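Labels run A, B, C, D, E, F, G and H following the written order; every chain starts at residue 1.
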Amino acid sequence: MPRNYSNVLKGVKSGRISVGGALKILKDLPYKDLGFAKIDFHRGLRRGFPEVVFGKGKKPAQIIKIAKKIAGHDGTLLITRTDRKVYRRIKKLYPKARFDEKSGAIYYAKKKIQKKEGLVLIVTAGTADQAVAEEARITLELMGNPVEALYDVGVAGIHRILYKKKTLEKAKIIIVIAGMEGALASVVSGLVSKPVIAVPTSVGYGASFGGIAPLLTMMNSCSPGIAVVNIDNGFGAAYFASMINT
Amino acid sequence: MPRNYSNVLKGVKSGRISVGGALKILKDLPYKDLGFAKIDFHRGLRRGFPEVVFGKGKKPAQIIKIAKKIAGHDGTLLITRTDRKVYRRIKKLYPKARFDEKSGAIYYAKKKIQKKEGLVLIVTAGTADQAVAEEARITLELMGNPVEALYDVGVAGIHRILYKKKTLEKAKIIIVIAGMEGALASVVSGLVSKPVIAVPTSVGYGASFGGIAPLLTMMNSCSPGIAVVNIDNGFGAAYFASMINT
Amino acid sequence: MPRNYSNVLKGVKSGRISVGGALKILKDLPYKDLGFAKIDFHRGLRRGFPEVVFGKGKKPAQIIKIAKKIAGHDGTLLITRTDRKVYRRIKKLYPKARFDEKSGAIYYAKKKIQKKEGLVLIVTAGTADQAVAEEARITLELMGNPVEALYDVGVAGIHRILYKKKTLEKAKIIIVIAGMEGALASVVSGLVSKPVIAVPTSVGYGASFGGIAPLLTMMNSCSPGIAVVNIDNGFGAAYFASMINT
Amino acid sequence: MPRNYSNVLKGVKSGRISVGGALKILKDLPYKDLGFAKIDFHRGLRRGFPEVVFGKGKKPAQIIKIAKKIAGHDGTLLITRTDRKVYRRIKKLYPKARFDEKSGAIYYAKKKIQKKEGLVLIVTAGTADQAVAEEARITLELMGNPVEALYDVGVAGIHRILYKKKTLEKAKIIIVIAGMEGALASVVSGLVSKPVIAVPTSVGYGASFGGIAPLLTMMNSCSPGIAVVNIDNGFGAAYFASMINT
Amino acid sequence: MPRNYSNVLKGVKSGRISVGGALKILKDLPYKDLGFAKIDFHRGLRRGFPEVVFGKGKKPAQIIKIAKKIAGHDGTLLITRTDRKVYRRIKKLYPKARFDEKSGAIYYAKKKIQKKEGLVLIVTAGTADQAVAEEARITLELMGNPVEALYDVGVAGIHRILYKKKTLEKAKIIIVIAGMEGALASVVSGLVSKPVIAVPTSVGYGASFGGIAPLLTMMNSCSPGIAVVNIDNGFGAAYFASMINT
Amino acid sequence: MPRNYSNVLKGVKSGRISVGGALKILKDLPYKDLGFAKIDFHRGLRRGFPEVVFGKGKKPAQIIKIAKKIAGHDGTLLITRTDRKVYRRIKKLYPKARFDEKSGAIYYAKKKIQKKEGLVLIVTAGTADQAVAEEARITLELMGNPVEALYDVGVAGIHRILYKKKTLEKAKIIIVIAGMEGALASVVSGLVSKPVIAVPTSVGYGASFGGIAPLLTMMNSCSPGIAVVNIDNGFGAAYFASMINT
Amino acid sequence: MPRNYSNVLKGVKSGRISVGGALKILKDLPYKDLGFAKIDFHRGLRRGFPEVVFGKGKKPAQIIKIAKKIAGHDGTLLITRTDRKVYRRIKKLYPKARFDEKSGAIYYAKKKIQKKEGLVLIVTAGTADQAVAEEARITLELMGNPVEALYDVGVAGIHRILYKKKTLEKAKIIIVIAGMEGALASVVSGLVSKPVIAVPTSVGYGASFGGIAPLLTMMNSCSPGIAVVNIDNGFGAAYFASMINT
Amino acid sequence: MPRNYSNVLKGVKSGRISVGGALKILKDLPYKDLGFAKIDFHRGLRRGFPEVVFGKGKKPAQIIKIAKKIAGHDGTLLITRTDRKVYRRIKKLYPKARFDEKSGAIYYAKKKIQKKEGLVLIVTAGTADQAVAEEARITLELMGNPVEALYDVGVAGIHRILYKKKTLEKAKIIIVIAGMEGALASVVSGLVSKPVIAVPTSVGYGASFGGIAPLLTMMNSCSPGIAVVNIDNGFGAAYFASMINT
């Protein structure tokens, strides 16, 4: 069933395939097989955003290979959880590519990104949650979402978030990022009527068990209107936020 | 700071307070204090939907008292996780109230509910997940969302969900409800580009540990675009879905 | 080394032992041995409050036997986690004894209890936390503490607790009782500068795991000034509060 | 609502605002926003002790920036879980600052600290618990509490703690710090009638699971009068002790 | 290789097999096969005590069948975790059989049991641990061990165990049975130089997690000389004690 | 894409579709939609055995409806984890249907089952594991596998399994079913060179945690040649065994 | 009973023992005792494949010693989880030995391996699962199994596996290797009627808990026909696959 | 109550205190207070073996200080979990001291150790368990126990342990040390009628969870006569064995 990608394009060029028909075919087109990886070109069409490279556990050479295919195909590139060494090699290929030290994200967009309307607000409990926040911010911006951020407004000094109620009200969607006990998600959701995407972080020690404590807190929130993603998954929260930011 | 509710209304009536001014006051108005419970009238204004009564752990008399206040104030009532006994007493007060045996939900709307546009699709893995699905369906409908459902399309016979791709494409938001290993959420999210709200259920045995297995599955999904709510929390998933169904 | 209790009293009566000397002896005096139980009379002297009977797992006959020894010796009696059946039998022996249905506590004080000065405030997140709260309230009152309570002020409608800041400020010690995600302890501790004794409860479902979720939340609170007792341990929180209410 | 900090001070200087009035304003004044951190000046007023800097997970430059703001504002500084490198930079700014190698705490007080009356006793089970004990001791002293310590009196040689009963009796509040099985908290609470703040530590191996074993031991203690803080949280125990040391 | 049991006995009778030879054969002889169960007759010879019937999860008819084979073969019978209904049927077959309500144990010895010399002391923390203690006591006595017991001497009133040091010194082996936090095992082992067999019990609530808390406590004891058996396993502790009581 | 089932059959009848062609279509044919359930007819063709009904969590009426469709379609029926009540109703419909009390399985085969060649041996550690064993035995027989069983040969009397080495050697595949510590799987795999499918059971108490202990034992076996299925999943083990019994 | 190995061989040489007789003896012959290790020569005969050396936790010198004995005896060698350093030393002894960097496996076969017929297919979810896949591939090939592999076909882009249905159909046995949420095993088993051996991997982060998440997913799969091995145990899956590949 | 140690000795010397009297005093004498540590001299008298130094988490200087006091006082020294660096310093002080690389134990006995009669047998499952075994062996020998060892006889090649039944029979007490699934303890206890002290080890990977798997296996053993110590606790097993080796 899987057809050859270039053949489709040739068919369109020659008029043998209509644009509408080609689009239909493309929707079912598979992936680029690199042997060790199968790049899901499909995703760019299906989801409006290309496959994102999760850098952790991949060798630099593998990342570069995958990155070239994606950037060449889609003109947009996001590599998460990687390092400066990989960045140097990417930079040579795509001088416009940028790197965020805190989160380890490399990102690049060939063309100007079209902006959506709804504001996504990132709220963090503490300074140490910032790496996760940056991963979210970069993902959101690359996907065209206007972003604002409120850093270090955890519950210990609850007046800090209370004074920012107006900023909360302005947002269409709020991403709350918190480690330790993770109560901030409940508090934000209790203050304003916005969908809250909660990201537990591994920030903490002792009985926070690498993020289990805030994960359970967010999962059991007594305030409706909260949905949760994996521990430290700034990217996932941003991706979900962008999907519902229509 | 908290002011008396009826005084505000009197002020509006007498012209002493403008409608705009009253609305502002009402936004900050607190709750009805029943001693054992403080009803959050606020919520109806803040969130466009009144406080929902979580029936489990409350005595029938307490539920009735709270329900009367809410239904009287907002004209809409949702009690989850309760039973037929409570329903009989509610029915006498509000003959239009209905009861769903599977989920234990009582629901009532005085006036016709205004419909939203986006379709919310409920997908369940197995027959035994239906109680959770009904809780979600009732909540969604009460909040004005068009709802469709695909029951018993778990991964064991994966062609069942593959054949329903068109139904999946029709939806704006998809709620996936699954116990056992909970793989259905990943599969649905891998098939179509829609935000998936995943609800792990306690359906299963042995190493499903009352829902921990599907919870972890959904949390760790390799497919972006999934956010998770608590085990068996059909209400929470529906509430979140309704919030993002703008 | 253990000496006979009545001999000491006889010694005091006959003048053979001074009051000061007797007090010293009594401080080291052991317990009443009932075979299946060893009642710690010591405790009344050492701690100013007699041994409390934990009813769960004890047979009614055993409870009655122990209760008679304690009430006869100290004039004060507290049995927790028991039922109305035991109460009927206690009531015949001590008509002034009272019973709290919600928490299953039987309590009795022969003489008027001397009041302390500092106010202990009990704050609960939801209506279902009330059983634990009543166990705490009864213990506190029996130990002479002025008590006030704020029920059902959980974070879902956070304005409810914000409007009660004055009540919070009035207290010397605050006991926060919360199930589900247990964020209320952090919020209260973030609002006012009072020692907070946090009691996680088993109220909740799914990933609250019988109280593990709020336990971890309270343990990891980012706000200093919180110490935690066991799940549902209203008695323990009250006992600790009374000890520091000097 | 949040007003500008310097304006208030100018108002006091010019006589436009009375001292009492300014104090009221200051009580509601928010925080210093450094972008990556929001320093809670509020806390010094609200709690009588400034915000404490948790060093772990913050970059040296961030710590220095925050430390300067706090020390400059309050004249008191406590940084926990940091290292000698940060200390060298702090020392240049505040030559009176001191460093404790074991716990990694930097502390500094511009003026002589006013002493409270009640003695807080720190009791540790083993030599390896000392890092946590030092964090507690430094915090207590900085907050004006008289402190004594009994190190290495674990239950394995129980006569060591039995011989120290007099020291235990002298204390107003006891902090018990123990890893491995953590039984010492129960033993101390069973020996004397003092509030015990229990700190489980990650000292141990195998089935101590990084402190879960002593945490559960302390949580389930059969002796009333114990409240628990997070694993290794010497600071939290000391802070709570100081709050109840009135 | 497995030979027929009656053939061996016939061989001995006929003189074809010497007693010594028969004994050797018997040591290797297998079991009685009842289809649903294979009774390990072997064990009586190998271990000096016949197979013990664990009643839980077996049907009454099955228990009776197995019990008859064992009692008939060895003249000694122990059924643990069963009930009065089974007892009534056993009693008809073996009128000397006795039943312990608390632990659910049925026990019977045809002949007088030969006494060992070393004293085994059973120590329990609370009244509710008695069921486990009785299972241990019955097992010990049936296996010929002199037994004494100290009930309800938990750490909450630690002077109770301190005053009993002489009793502890008298014992050759000590079985410590404790739920809640289980600290008693460490305390007893810290007081006297005796091997301590520790039995965690499921007595407790909240964070005792059905016996995990005392299990971890006992496992991690800082006092050497403690070995642990399964939660509520009074039988196992007694069996082990009897094996080392040589 | 999904075509109508009866149309295919009509097509075959009329000669419009060849048998080979129809078979191909049928392989892709979906399921019978009962609303609350979608019966996977597909499975009978795809796997040579129809969908099995997991009775737990389904209402009797639902089970009957599903069972009728399956038995009518495939002539073979297996319902697991159900009860005698459901059986009575099934029996009226299919008088040849049989019921196993221990496992709660109802099974029925219209025609004589064709036998495979390889012997599958079921080995259980204790009498209480029999329910799981019967579920496995019924499944195996219904799928045409010759079955033998060795019950109650756990490691406590290890000579019982050692004497049965010949029986073990005879088998092609061995299913080992064990609760408590589950060591039997490792022992059997260490004795003979056969694939072992290990089923942990919830038989046990205390630290067996409902089957987690034997699950981990089997998972970590130092003997290669073991694969594990879910706790108590006799059906799953048998199904897998039948698949590899070619 | 254990006889000397060389004596047997001498006996065969001299004709004193027949080949058939020697084979029988060899089947019961024990192991080579190196003091720190007892090499199970037995296994080569019993299982048709020699003992495999698990390199982790063994010193290089120990590995070399063991390896020499095995390779010398059986002519086949597999060392898993070791490194290049050990390889260099092995290579000098057996120049034909090869090394796989990703999995850390050293492997060597003196003679050409005889091929089996059934195809074993290895399917991985992501690029990072490759190390485990290579361990499986090497083991399978060394044991004579034809192997094919499908890498990086995880559920996130589910069309990748759907397009490969024909490859799946071709296989006799499928090994599915997946980290994160591990849903791929259910999907593959839902697509085709083949026995699936599932290997959870430690690939992932946050709530994947080092492989617990995919382990539970695979254990609870709603699709029958799946059996599971330990986390990252590529070798164990391959060994089991080879055993059933008859 | 605690008296000065040297005064007692002076009293004996001067004849003021009889030897019997001094012994009594010494039995109650406390410990040497080094500030950071309180050495339990008591233990040598109470238990017949001095305090053992747990090296992990102590600084070299602290270990040396403690070691000098113990070795000087008792003439016997055991330091566990330390390294060669500490050994070099100890060696200068006590040239007869020895070091075991595998376990990290330093041991020294001034005088010849008096031998007990009963043999203690150490049995390990794999080569990697040897470090724990050496810790046990050294402790046993230092405490005067005859020791033998069977290394690497795990269940994977179960004939290895079966052939060693005679060695097992010879022992009075058996210490079984096993990681991975830990089944060896059950097997040994099922083979011979000896008390088994089981030591789970952290050897393994994946679902062995650092020793939880063998810990649970041993705890739940279906064979009576097993008691368990902490993960990797070779010292504790040996100490307990020595206590019961009377």
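Following the convention adopted for this analysis, a contact is a pair of C-beta atoms (placed from the backbone, for glycine too) under 8 Å apart; a residue touches a chain by one contact, two chains touch by 3 or more.
All figures in this text were calculated on a predicted structure; none of them were measured in a lab.
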Given chain D and chain G, the chains that contact each of them: A, H
E-F or B-G - the one linked by more C-beta pairs in contact: B-G
Chain at maximum distance from chain C, centres defined as averaged CA atoms: G
B-G, F-H or E-F - pair sharing over half of the B-F contact pairs: E-F
Chain B-chain C separation of Cα centroids, rounded to whole Å: 38
Interchain centroid distance [CA atoms averaged], chain E/chain G, Å: 43
Averaged-CA centre spacing for the pair chain B and chain A, given as whole angstrom: 27
Multi-partner residues of chain H (at least 2 other chains): 156-157, 159, 206-208, 212, 215, 219-220, 224, 230
Pairwise chain contacts, counting only pairs that touch as defined: A-B, A-C, A-D, A-G, B-C, B-F, B-G, C-D, C-E, D-E, D-H, E-F, E-H, F-G, F-H, G-H
Residues of chain C touching chain E in the complex: 1-2, 28, 30-31, 35-38, 40, 42-43, 51, 56-58, 62, 200, 202, 210-212, 215, 230-233
For the chain H and chain F complex, residues of the former touching the latter: 125-126, 154-159, 162, 180-183, 186-187, 189-191, 204, 206-209, 212-214, 216-224
Chain B-touching residues of chain C, taken from the complex the two chains share: 126-128, 130, 151-153, 156-157, 159-160, 163, 203, 205-208
Interface residues, chain A side, partner chain B - complex: 46-48, 52, 173, 192-195, 197, 215, 219-220, 224-230, 235-237, 239-240, 243-244, 246
